[in-house]
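Consider the two complexes below, in which chain A is the common component and chain B and chain C are the respective partners.
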Partner chain A sequence: MTVPILRVRDLRVTYRGERGVVPAVRGVSFELGPGETLGLAGESGCGKSSIAGALLRVLPRGTEVTGEVLLDGEDVLTMKPGRLRAVRWSEMAIVFQGALHSLNPVQRVGSQIAEAIELHQPGADARGRVSELLELVGLPARRAIDYPHQLSGGQRQRVLIALALACNPRVLVADEPTTALDVMVQAQVLDLLQRLQRELGLAMLFITHDLSMLAHVCRRTAVMYAGRIVEEGPSEDVFQRAAHPYAAALAAAFPVIGDPAFRKRPVGLVGDPPDPRELPPGCPFHPRCAVARPDCDSIEVELWPVAADRRAACVHVLGGPR
Partner chain B sequence: MSDEPLLEARGLHVRFPAPRGATARALDGVDLDVRRGEVLALVGESGCGKTTLARTLLGLERPTEGEIRFEGEPLRYDQRFLRSYRRRVQMVFQDPMGALNPRQTVYEAVAEGLRIQRLAGDEAARVAGALARSGLRPPERFFERYPYELSGGQRQRVVIAGAMALEPALLVADEPVSSLDASVRGEILALMLELVREAGVTVLVVTHDLGLAWNIADRIAVMYLGRIVEEGPAQELLSRPRHPYTRALLSVVPEVEGMEQQILVGEAPDPTRIPPGCRFHPRCPLVASGEAARLGIEERCRTRDLGLQEVRGAGVGHRAACHAL
Partner chain C sequence: MTARLVAGKVLGALGTLAFVVVFNFFLFRVVESNPVATLYRGRNLTDAQREELTRQFGLDGSKLEQFWRYMEQTLQLNFGRSYATNQPVIDEIWAATPQTLALVGTSTVLAMAIGLAMGVVAGWRRGTAHDRVLTGISIVTWSTPEFWLGMLLLTVFAVDLGLFPTGGISDPSGPDGGLGELLDQAHHMALPCLTLTIAYLGEYALIMRSSIIDVAREDYLTLARAKGLRDAQVRDRHALRNALLPSTTLIALSFGFVLSGAITVETVFSWPGLGLLTYESLRGPDLPMLQGLFLLFSAAVIVFNLAAELLYPYLDPRVRAR
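For the complex of A and B:
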């Protein structure tokens, strides 16, 4: 791999509030090269969205974040507010799910985009750039005068993408960017993101619960469970031949249409993902695991090699403990 | 008797007043049979009318036109009839947290329907039986638990137990797993198949998810703008979809291999403005690519509305509404 543009080292996110101490992310490391795509998959509460928030430092006040988020070698976590504002949007930007809540309902969408441009590139031709951006995301430039409620869900999501790209970032974080959308609109937005990623050479971190989607969008995928990465590798391999039993169960939740193995044979896990405040000892997945060994409730799992470019945190993998 | 469908809908129309004097044709001529003992998936995008159809079949919505027959008998809308009908036809909603009262124990939640229906007999035994059948075993251990003490999958099992306690003939499930975490969905789908097998219940599942349909359905009906545009045996329909809308829908599902993506432009269409001719023609890839013109049918696509017709050379009961067939 070339020199990574984003390097995350031992990231930990802990919320402290009325609900007690919640260790949402418990030591996550990954790298993203220029123009590379990495998928981050997992279910609600696994910590994937906390990672997105930590990368951009948009988590609630009082949240404890440790580790390193190196953007071109510079640690985002220790940046001064002024530097952080400069880096946000112009180096690394984010597209959230639920476009209705991320846009200001009483401001025209064009002026929201222009505002971001003027803030980061004073003197730039903001109006011209807004038109350019809208067209880039497949919206007619005249839509700039619309308010968010005048747009459909898919169009609003396109506006959010335009907003994220306003200051030419090199890293794009997409957090469930298609989740609330209908199947066909989802395909439209996904297609757009893939095209932009390729054309603009963006490094993209794509966060979703939909493992099957990542197989198409990202070269590599990491699956998270209980605040940690439990498997990582080429997306196709992770989706089709997962080494970690949790990743396998998550993949099975997206049946391959046409594959007789899935016909009339739904499979699911028992129980819920664990409460991060009360994690099971040993491998946190062991209470739901069909292939757990007697020692899984005490062993400290780590990412062991499965193949040259794959790792999984399960005692059953090839490179695991004897 | 056994060949007669459990539920039949003929020529169903449901119209709603919409803003600015417009009329939304939520259902615009639906014919549908639900056969005894099958799992039928009603598939479509939001706004296609699938939830309105489910509500109409449940008697919650009264059709503007058309008729519904249950076990051969036409549905009536008086209180007496509806109460006995709602015992035989039960609904499972999307979000178990919304369907369950947080201050009610599991026992109370399941017994509630029995009390409303004034079902005689041993209440505790019925509740226990329904919980056990829904995979909550031993049932007594769950009697005094509250929803917040249960996992997401267990909560949906309680909702299903509440429906099953009334020994319905038909279970209508609207997106039964979409509020659940992905890894948990399979257990609820497996439970539904088990109920069909063991308790002989018939299931109508309303969903946007074709993968779910492949997972559990015997037959599939695809809806577009208030009409069923294709129906047939699940395996056949998903392996060889004939309607261009079904094909497009299938092509954008990431879990389908080796199919060229056909991403339709635009959003879900507007039921207050159903296009003339084939309702799908403004978005149809066959029309847009000129294929319809080459086949000499484009004029018909634009002007002639059409119903479902048997697909020649396909399995029995595979029908689609397309001029190109």
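For the complex of A and C:
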């Protein structure tokens, strides 16, 4: 692997608010090289968006974020405010979850895009660039004068993508960019993101709860459970031969239609993901785990190599691949 | 907004106004069925005199005849003559209006500017010392009775310190005409204006604070911050306008109360405006005067409410589209 452009080390996010202390991310590490794609999968509430927010430090005030987020070797978490504002969007941009609410309802979409350009590239031809960006994501340039409510869900998602690309970032974080869309539009947006990622050579962190999607989009995939990565490796391997029982269950929850291998495997995910404030002792997955051992409620295993470029955090892995 | 919608809203306002006019007729006939007897209590009137007075007050004939005469006169802005001064009601009202507009208009604009700014700062920094102090001030001023505050300021600044006149609108021995007279009037207006400004600003501050807090959770603010905008830019460019939307109607309505808003304060400071006129008419009771005043006050509220509804679409593109 080349020198990583984004290197996250032992990232922890703890919310402190009306709902008490919520340890949403509990020690996450990963690396992303230039032009690489990494998928981040896991059920709702496992901490995916918390990671995205921590990368640019846009989580609510009072949230405790520790660890390191090294962007080109520089730690975002300890940057001075001025430097942080300069890095935001020009080095790393986020396509936020929920296209419906991420755009300011009383501002034309074109000026929301132009605002970012004017901020980071003063003197640039912002209007021309807005037209360019809209056409890049497959929207007519005249859509710039529309307000968000005048666009469909898919069009708004395209605007968000255009907005994220406005300042030519090298790292793009896409947080469930297709979740709220219907299937046809999902496929279009996914194609668009993939094409742009390749053409622009973006390093992309792609967040979703649908593991099967990552098999197409990302070279590598990390599966999260209760604020930790429980398995990481090449997407194909994670999807088809998961070492961690949770990753296996997640893969089975989104079977590839027509693939016989998935018909035999039980869709073994019962119950709800745990509340991060009251995690079960030991491995937080053990109450839902079909292959839990008696000692699973007392030990939480670190990520452990399964193969040359694969790691998983499960007692079964400690004794070699299952 | 389409012409049809505008027409609909204007018609709606006219309908409300018509209702108020009719209601006014009955209200004052129910309150006082025989004002001649009340006003001339203890005086010996001949039957001829009594009939003449009854006719003058427009109280002769059947109720239906009275109603039609009332409607006809009201449409011509003829509200009859004051019981107290025997002058046309409309003349007295016009004479008192400029003073009230000056006093309450100035106070409302000041209170709005200060109060909204306080609310924005408090809400944006919710839970901080700033917020606690500003919200404390708002609640105290909001719950302070106007007349009590007026008397307090009057006692301290006018009576004890002698910095301001104790009442009225001008010094009889002061300069006549020109800038000198204007300054003298401003000097007289200072204390009542201060009283009203303090009394009003708390409400604006509290309304704005809660709107800002609602808006502060929105995803588009997270996106604005992630773009690299400064905190104040996020607040002023993205939060403010969205937070103002729900307050527009309330703010417009508060302008509607400008004319009727200062009964107690005008009385405390003997400020010769509509408030003082109302107070004096209530003591009579001077029914035609009250009838005219109530109609004017209601009309002001209706007009500003209409103005808010017509203005709103220009602030919120989502409403404009409909």
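Criterion: the second predicted complex is superposed on the first by the 309 of 322 C-alpha atoms of A that agree within 3 Å, B and C clash if a C-alpha of one lies under 4 Å from a C-alpha of the other, contacts with A are read in each partner's own complex, and residues count from 1 in each chain.
Heads up, the rule we're going with is that a residue touches a chain if its C-beta (ideal position, glycine included) is under 8 Å from a C-beta of that chain, and two chains touch if they have at least 3 such contacts.
All values derive from a computational prediction rather than experimental measurement.
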| item | value |
| --- | --- |
| Contacts of A:Arg85 with chain B and chain C, given as first, second, both or neither | second |
| Contacts of A:Arg277 with chain B and chain C, given as first, second, both or neither | neither |
| Which of chain B and chain C A:Glu43 touches, first, second, both or neither | first |
| First (chain B), second (chain C), both or neither touched by A:Ala187 | first |
| Chain B versus chain C as contact partner of A:Arg16, first or second or both or neither | neither |
| Contacts of A:Arg195 with chain B and chain C, given as first, second, both or neither | neither |
| Residue contacts on chain A - larger count, chain B or chain C | B |
| Touched partner set for A:Ser152, first chain B, second chain C, both or neither | first |
| Touching both chain B and chain C, residues of chain A | none |
| Chain A to chain B touching residues, read off their complex | 43-44, 152-155, 182-188, 191, 209-213, 215-216, 246, 249-250, 252-258, 262-273 |
| Touching residues (chain side chain C, partner chain A) in the complex | 218-220, 222-230, 237-238, 241-242, 245, 315-318, 321 |
| Partner chain C, residues of chain A touching it in the complex | 53, 56, 58, 85-90, 93-94, 96, 98, 101-107, 115-116, 119-120, 147, 149-150, 163 |
| In the complex, chain B residues that touch chain A | 45-46, 151-153, 181-190, 193, 208, 210-212, 214-216, 235, 238-239, 248-250, 252-257, 261, 263-265, 267-268 |
